[in-house]
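Okay, so chain A shows up in both of these, paired with chain B first and chain C after.
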Partner chain A sequence: MDLTLLVDYGPALLRGFGVTILCWAAGCAIGLALGFALMLLGRTGLKPLRWAVRAYIEVIRGTPFLIQLFLLYSGGPVIGLRLEATTAGILGLGVYGSAYFAEIFRAGYQAVPKGQVEAALSLGMPYGGILRRVILPGMLVSTLPAIVNMMAILTKETVVLSIITVPELMYEMQTMAAETFATFETILGMALFYWLLVEAVSRLGRRAEARVTRFLTHSSNARA
Partner chain B sequence: MKFSVIIDALPHLLGAAVTTVWISLLGVMLGQVIGVLVCVARQSGSRAADMAGGVYVSFFRGVPLLIQLLLIYYMLPLIGIDVPPLVAAIGALSLASGAYVSEIYRGALNGVPHGQSEAALALGFPAPTIWTRILLPQAFRISVPALVNELILLLKASSLISVVGVAELTRTSQTISASNYRPLEIYLAAGLIYLAINGALAAFGALVERRLQQG
Partner chain C sequence: MPAMTETETKPRLDPAVPMVSVRGVGKSFGANVVLRDIDLTVNKSEVVCLIGPSGSGKSTLLRCINFLEVYDRGEIRIEGKLVGYTEAAPRRQLSNRELRDLRRNVGMVFQQFNLWPHMTALENVAEALIQVRGMDKAAAVAHARRMLDRVGLAEKADSYPARLSGGQQQRVAIARVIAMEPHLILFDEPTSALDPELVGEVLQVMRDLAADGMTMVVVTHEMGFAANVADKVAFLDRGRIAAFGPPREVFHESGEPRLKQFLQTYHERNSF
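Our next item is the complex of A and B:
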């Protein structure tokens, strides 16, 4: 492979990588926030609301991400929702992730021992306080592996955004491949790059897990 | 929203959906074969086979499917094999699914009590027989829910092969909406078809699971 290509296309690829990271980070943030909100909405006493949340999750999880992106980006303007490719990409990634995050949070919420919530209630803590200081920390510990896994999956999904012309790394790479005819080398390089990226996200996640669950080993030591 | 648009396009969309389904089924079946072979190779005790299998699984689970697909699509002509996009697409889907399937089987094998293969060894069963008559049938039964899940994931992932021009459901909806300027209706219809297929697959999976539990 001609190394001068990397010099010529370096800035474009770097910019593309920036967009990839931006889409991923913003998509994850939206997905996590929306997923948490969905989980809370799904726990309310209102039956229609619970059904709506359930339907949302099933529809998002049952359809391909690409179709969701096409609906948002090409179908959106028909009902007056005109979005830039990057905005549509971030929003699409967030909506897609939110359904999976909501399921992760639901399982995490159920895993918090009931006695802890009852104890907090009997101590007179308000619901907001219980949520923030009892349920959330407990959930964080049990759901972190699943959250990290989903975030690694979303790293991989960012390349799909190139199909709706979001100028992220994959898109810049394809432009480069088309202009230089060095198609195979470029794609091979990209495969190796994403391999490392996904591996890095998973490793960072495992480190975060170790940090968050550190107190568990401490407390078990104390008990022993 | 004009529902007549959907009704007009429905025959084409359903035809394309059939393509999507058989491509996914073929991908999952070939993936099943690859996955079992990789899993058995990794457990065979050979260090080299375990490492090669490990790299294969790590690569195909770590690299985005779209890149794998383009890699295979552009690599085959380079080494002198000129195949239609459809073959490259099915190849990519089966290789990707094989990596996940081999991990599913690895997990399922943990669910088969170790004493069984030891007993078979003590009775003088040769290794291939232990695999085909004792380990794999039980691993299969344990992994049915995960395999159905894998089929659903692959069916959704198959939308990506539209990129190399295979006329499956996603590609066909792109073509139709480009000609009638009705992306909202067409993609909505395509989404509903995917949802229906996945719903049917999930129901079928639950049925098979119940059957196997009775058996």
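Our next item is the complex of A and C:
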């Protein structure tokens, strides 16, 4: 193994690392927000709207991310949508994630005990308040493991962005491999990096889970 | 929102208008008729208990009163105001938004307590004060503490529901309701989910409320409570009110065979 590679390519790899984190974080944020909105739209009384949401989710979940990304980046200009590679990458990741997040939220919404909502309704609480103060916290508890899991999956999907020339870590590493023929080091380094990233996300997720389920502890095993 | 004065939030004792008036109410779930032509009047400061075998429609009737359940025929009025529909014909069903004004004056206590598990006892009681009554947080918390004190749970203010016994949870649920100063409280089998030794503490809080003049409609299997606290008892059977009157009449003087049979099961269960 040639460690001078790290000196030469270190700055580029660090930049790539930054871009990967940025794309992942922004993609997750868009995915979560869009997914939540889709879930709410899917619950409205308007049938066409519900169908549209259903169709969106089925199409996104039924097609490979790579193809969606190509359609957005290369097909976008056909309908006048000209996006810079990184923007397209973030947007694509967000759209892809939103379909899965919407399904997670749908299950979470249904898992909130009906009685908790009825109690709020019977007190005269407005729907917005019930959503924010009763349903959302309940959803958070039941869906957090699935949300964290999806976010971990999305860290790995960021490698696909290299194909539309987003200068993220995969892209930088491929460049390094092509210029130095150090293929083995590159592949090993990449595997290690993504594993560390997923591990970090999982750990943060477990910590968040412990936090949001604190109130469920019974007196017998609760800390004073 | 108009500012609420003290006098407006207190139940006004205008005996001319009944607190609850149910006229010819019917309801079906598909082909299954659960309520048939129900008539019931609850006057102000009265305690009315609904008793009857399971599936007789008593919980459904109770839930129709605050429109958590939609009734199909007849009308229900609370303090003269039609519940769930527009006054003008053809009547249109009101949305949850339009029902809020009515519901803020009608409290409901559930069999399963239905506290919000992610909030402490105090937060459970304060939440609607902030959201519905528009109180600022400090005032809501102070008011909520007084209400918890009233149900004997001042020291549990900062406990989450999971750390409270069933009886304590139900008392918090009652505190959450009385904090809103409702004109009427609906109780849907408030002690049915409790261990026998915890029933008494909840019934005691309900007795205190009745003694304070609160109007209450109580679906219950606690015949002792119905006999001693209720002003009127309604016996429901297969979606009809089969007997109605003061507890003495209903429990001892009614010739209704289904009622006799129903009460017999209680006598048998409690004799050992």
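The rule is simple: the second predicted complex is superposed on the first by the 217 of 224 C-alpha atoms of A that agree within 3 Å, B and C clash if a C-alpha of one lies under 4 Å from a C-alpha of the other, contacts with A are read in each partner's own complex, and residues count from 1 in each chain.
In this text, a residue touches a chain if its C-beta (ideal position, glycine included) is under 8 Å from a C-beta of that chain, and two chains touch if they have at least 3 such contacts.
What you see is a predicted model, and the numbers here were worked out from it, not measured in a lab.
Asks: Give one of first, second, both or neither to describe whether A:63 is in contact with chain B, with chain C, with both, or with none.
Replies: first
Asks: Would you sort A:141 into first (chain B), second (chain C), both or neither based on which partner it touches?
Replies: Once the two structures are laid over each other on A, A:141 reaches chain C alone.
Asks: Once chain A of both complexes is superposed, is A:199 in touch with chain B (first), chain C (second), both, or neither?
Replies: Only chain B; A:199 stays clear of chain C.
Asks: Counting only touches as set out at the top, which of chain B and chain C does A:215 meet: first, second, both, neither?
Replies: Only chain C; A:215 stays clear of chain B.
Asks: Thinking of the overlay built on chain A, is A:133 touched by chain B (first), by chain C (second), by both, or by neither?
Replies: So A:133 only meets chain C here.
Asks: Touching A:121, do we find chain B (first), chain C (second), both, or neither?
Replies: second
Asks: Any idea whether chain B or chain C touches more of chain A?
Replies: The partner making contact with more of chain A's residues is B.
Asks: Using the superposition on chain A described above, determine whether A:113 touches chain B (first), chain C (second), both, or neither.
Replies: In the superposition, A:113 contacts chain C only.
Asks: Could you pull out which residues of chain A sit against chain B in one structure and against chain C in the other?
Replies: Common to the two interfaces on chain A: nothing.
Asks: Taking the complex as given, what residues does chain A use to touch chain C?
Replies: Spelled out, the residues of chain A in touch with chain C are 113, 115-116, 118-127, 129, 133-134, 137-138, 141, 212, 215-219, 222.
Asks: Could you pull out which chain B residues touch chain A in their complex?
Replies: 58-59, 62-68, 70-71, 74-75, 78, 152, 156-160, 162-163, 170, 173-174, 177, 182-184, 187-188, 190-191, 194-195, 198-199
Asks: Where on chain A is chain B touching in the complex?
Replies: Residues 58-59, 62-68, 70-71, 74-76, 78-79, 156-160, 162-163, 170, 183-184, 187-188, 190-191, 194-195, 198-199 of chain A touch chain B in their complex.
Asks: Can you list the chain C residues touching chain A in their complex?
Replies: Per the touch definition, chain C meets chain A at residues 66, 68, 96-97, 99-101, 103-104, 106-108, 110, 112, 114-119, 127-128, 131-132, 160-163, 173, 176-177, 180.
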